[in-house]
Amino acid sequence: MKANVKYNLVWLIMMVAGFYLMNTLILVGVIDSFIENMLVTIGINIILATGLNLIIGFAGQFSLGHAGFMAIGAYATAIVTQTASTPGGFYASIFIGIVISIIAALIVGVPTLRLRGDYLAIATMGASEIIRILINNMKITGGAAGMFNIPQFADWPTVYIMVCVTTIIIVNFIHSRAGRAVKSVREDEIAAEAMGINVTKWKLAAFVLGASTAAVAGSLHASYLQTIAPNDFGIMESISILIIVVLGGVGSITGTFVAAVVLGVLDTVLQNFGALRMVIYAAALILIMIFKPSGLLGTWELSIKKIFSRSKRKERVES
Amino acid sequence: METFFQQIINGLSLGSIYALLALGYTMVYGIIKLINFAHGDIYMLGAFWGYYVINVWHFNFISALLSAMLVGAASGVIIEYFAYRPLRRSPRITALITAIGVSFLLENGMSYLFSSNTRDFPQIIKQVNYHIGGVLISNIQILILVTACVLMVLLQLIIKKTKMGRAMRAVSVDPDAAELVGININWTISFTFALGSALAGAAGVLIGLYYNSIDPLMGMTPGIKAFVAAVLGGIGSVPGASVGGFIIGILETFVQSIGLSAYKDAVVYFVLIVILLILPAGIFGKNTKEKV
Amino acid sequence: MSKLLQVENLVKNFGGLTAVSNVSLHLDNNELVALIGPNGAGKTTLFNLLTGVIPASSGSIVLSGENGTYPLNGKRAYKIADMGLSRTFQNIRLFKNLSVLDNVLIAMTSKFKEGFIPTIFRFPSYYKTEARLVAEAKKLLAIFELTDDVDVLAKNLPYGTQRRLEIVRALATKPQILFLDEPAAGMNPEETANLTQLILKVQHSFHITILLIEHDMSLVMNLAQCIYVLDHGSLLAQGTPDEIQANPAVIKAYLGEEA
Amino acid sequence: MKKTMIKKVVSMAAIVMTAGIFAGCSTAKTTTKGNQTTGNTIKIGVNMELSGAAAGYGNSQKQGIQLAAAEINKDGGINVNGKKKKIKLIIRDNKTSTNTSASVAAQLVNNDKVAAIVGPATTNAGTAEIPNITKAAVPSVSPSATDPAYTLQKSGKVQPYVFRACYQNNFQGSTAAKFMTNTLKAKRVAVYADNSSDYGTGLAKAFKKAYTGKVVDSQFFTAGDKDFNAVLTSFKSKKIDAIYAPGYYNELGLIIKQARQAGINVPIVGSDGMADPKLAQIAGDQNASKIYYTTPFSDDVAKDNPTAVKFMNKYKARYHQDAPTFSALAYDSVYMIKTAIENEKSADSVKIAKGLANIKDFDGVTGKITMNKNHDPEKPIAIEQLTKGKVSNSFDIK
């Protein structure tokens, strides 16, 4: 048990160090608001993509509807902070977004999660589009014009902490009894069921957890950007999250981080290429996939535990 | 009553367009289980090809159509060769991302090279409207409807009656076994892509002619709709794609005619989900149970 | 005392085909029963019905426990597994991309519950449960001499070891009844002999009832206390190994072909 | 038990540490005084939809901007307090995405140090840019963000650095309503609006508010749609006098074509998103009759407006096509910035903002513009009529 404390401590120190590093860089002026913008976008994408990776990579359920849940969180925050324009209101709005997205995920997931593969993908895509179209036609959401002048409560420290928190939740979920159950569903539903795993329940658990982190990302997106519109949450947004997951490696959270950073930086750098940016982006995407078919990192994970035990083994060998 | 029949015609002609595109999706999916995201963009290429050859080289309709099919087929084969073939043994989701990449590349590449402006498609066939009992139908609508039906039957014949069709079916069931009995898998898959993409090329010219407006992003929306149609009909099934296309066309028309135009896509997706819940593999899809 | 598992008039139709027709059988506590029959006789289908993988068309399956009887018809497979019926599969269905240890731990999922919050925030209770779980799994793996392979991915194990792991995994659910679907398939005589010993050991040390499907007659005749013979979906005969070997109908339908 | 204690202590410590970080976290909010212009060029950023859904409109605007900049530079540049400085355009693509628009704006103001921004084309991308440009105190002129609240803060106060060159929706929508009542004498109208952006829905809303006749039916389409027969057929059976269809020329061209082919010959009235030569091309000249749209850029205006005539000729010479409204608005945006610089005698961003707010009687292609207190340009509006694809008449609406 002492070992566990040690590993957790290392992770904690890494997170705090990362925070200080960023803070210092901002104070020194290395990170200006342009780079900060990029980092925040990357952070939000990490939250979205780890959640989707949980659903696709670990539970093996091909969902293409992540943007819909993101939209729920974003609009919850936009609407709530319009009247309750305080940090408290903002955190309450995140919570409300999570609750609504959980309900939506249950409504979508209970019937559709029995579908397989591409059929599930298209059903979840449809569900997400339905959410978007409803938002597009509602009064409270501002319709197609979306909402702007949303008060900004999510600055980069908020996003940083939320990235840490959601990642901790998802990673701890994966490395636990729940995560094993979810992975067994991915591997073989029939065998899992025969071993006492309630397949429906665990699929749903992963789906709901992924959806609620997407809602958190949506809240951050709305509050940081201060403007949202239904078109931000279309099929293309779901696809761009999927791209991060696959590019990083389906089933690797570390990979998701790497891919989110790589794509985020790539996208920002390409901003200098004007009209060619999307052409280069597309070509890069194809080439990476052809030369790295299982994603940048495959299923490799960074693990402090493994590093420790490896160095220990080395010591033993040397002595 | 006239309005009702007119709406049926509207629905059928919209449906025939979706069906035309869905056929290509379903063929490719049937053989390599890949959602060929770039299919809608091959349709766009076909439309642009038609636009240029008619305007610049003054092709007539038939030669524009046939050459667009050739261009579609060629681009389909090239895309398959460079982007999908290296990934045939990789997870399917990888190939899907590549397909999305190809789609982005075609859309943005065309925008970059030829600008993203909308163009008017040359009206090479003069539109003639027929009034039949108060219902209006144009010669181009009939042309598209007939083409969609003929192509469907033709495809079905190719798949069921020809040697190539047999090879295609064999590869789709079990590529390794097909290879063992002497079927050239690469050649068969290329052929399927050529066939499916030729359909998209033809659709580009026909739809360009019908709507008279083409742009580099024109493949995106109908591409997704056609894909939904293919799934609805049971992806991999040729009659399924047509039926799915017509269902979605008629459904969209119906929803708009009762005044819910703002929700037309939502209703389409809702019906899709409901149908999938009842028939998990679409209307004509075979729901293969896993053997325990 | 009533029978541990009582199956009455079980029927399964696939469209027009009757895969299992009117099968009645029972299992006693701590009994080792074999189910034999030619290919396509419906043995695996019967297993699937008993373990809830597919629903029966009609008939009843009743489990007796300490506090009365529980009907199993129509229950989902995971519930049936929870009630103490576990199984292996004819064409091995391990969780291929997971480690040997994970395969076993997964089977213990429903036996060691831990709340969401303690799991996510890694309360000390989480580590305690997890440690207990791993210890238990390792104990089981040790019995089957799989300790060295704990971290190996299931798909990288040799075939015979995979079969063994499947038995361990089934045992990890703490079953009352264990269904083994052709455990010796693809094994050489030496491996089969080892397996026979292993099955006996399992039965005795875990005090469980075993129903097994097997084509290897040496294994069946050595192990089984009672044999059911299935042919074309219906029960042809039942009895002790000696009775079955002497049964003319069985010899004709099944053994006769070999003679 | 002891270990549990350790664990607890550690996690407590962690919480305290984290709390400490936030207490001490003073991410120094750098309060800039805007971007100063030094050297011989004035950098103007362009945050524009060059790819994605609105790419067609964005590229039209880019052409207008480039034309304006080339023209100014050919004349030696902008006169900053007696010294001529050339314009350097920094054009960046925002992919029609709010997220990217914010990023592009940050890059333009912080890294490129532009003195002013032209763009974005759409309200959504436009609002996304506001926080970043406001922080940097750099003004932005959007050629075509039409939402009434675009230039306003939540409190209703004006956004200090946000300007536009186009009408806001309420003005255009109510003008169309007046025109349909007074000139077309339409008593029963159907509304068919683009609901994929604020443009169509906003105009439809404004129109419905101002229109005194009966709105028989109100339907929506989505950008990218190509088939409008279903809705048009249902309109046909409803005895309507006119259709109000706010949207862009891409879809409107098809709506006109399909309406006329379906035998609907009532007037179709739209907005400045239709004012593009491509409209008649897509609809087909024979179909484009009895088409009306509100526009700042009418032939009438052009006749007694030398600026417009000059612009149209130059545009045609450079791009070999007739100038669309979007290009005209973008062209005016650049010249508005030029005027602001010259009036303030300074190319510093804060001064430019001040100059833009004080623009008065500016001779633009799209009319004589005076900026009101909400940073909305006040300029005359006209309605153009198309007959057989050509502008045949134009009406002044007071």
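Lettered A, B, C and D in written order, each chain numbered from 1.
Here is the rule we go by: a contact is a pair of C-beta atoms (placed from the backbone, for glycine too) under 8 Å apart; a residue touches a chain by one contact, two chains touch by 3 or more.
From a predicted model like this one, the values you see are computed outputs, not experimental measurements.
Distance from each chain's C-alpha mean to the overall C-alpha mean is smallest for A.
Compared with chain B, the chain whose C-alpha mean position is the greatest distance off is C. One inter-chain figure worth recording: chain A and chain B are separated by 33 Å, centre to centre, where each centre is the mean of the chain's CA atoms. With centres taken as mean Cα positions, chain D sits 70 Å from chain C. We define each chain's centre as the mean of its Cα atoms; on that basis chain A and chain C are separated by 40 Å.
Shown for chain D are the residues in touch with two or more other chains, namely 3, 7, 50-51, 53, 195, 220. Within chain B, the positions touching two or more other chains are listed as 108, 111, 262, 265, 292.
The multi-chain contact residues of chain C, meaning those touching 2 or more other chains, are 53, 89, 124.
Contacts from chain D toward chain A in the complex involve residues 3, 6-7, 10, 14, 17-18, 21-22, 25, 27-28, 30, 50-51, 53, 91-93, 95-100, 102-104, 106-107, 109-111, 123-124, 127-128, 130-132, 135-136, 147, 149-150, 152-154, 195-198, 200-202, 220.
Within the complex formed with chain A, the residues of chain C that make contact are 51-53, 76-78, 81-82, 86-87, 89, 93-98, 102, 105-107, 109-112, 114, 116, 119-122, 124, 126-127, 129-131, 133, 169-170, 172-173. Those residues of chain B whose C-beta lies close enough to touch chain D in the complex are 3, 6-7, 10-11, 13-14, 17, 108, 111, 115-120, 123, 127, 129, 136, 138, 207, 211-213, 215, 217-218, 220-222, 252-254, 256-257, 259, 261-262, 265. Chain contact summary for the complex, chain D toward chain B: residues 50-51, 53, 55-56, 59-60, 195, 217, 219-222, 224-227, 229-231, 233-234, 236-237, 249-250, 253-254, 257, 261-263, 278, 281-282, 284. Against chain B, the residues of chain A that register as touching in their complex are 56, 62, 111-112, 114-116, 118-119, 122-123, 125-127, 129-130, 133-134, 136-137, 190, 235, 239, 242-243, 246-247, 250, 275-276, 278-279, 281-283, 285-286, 289-290, 293-295.
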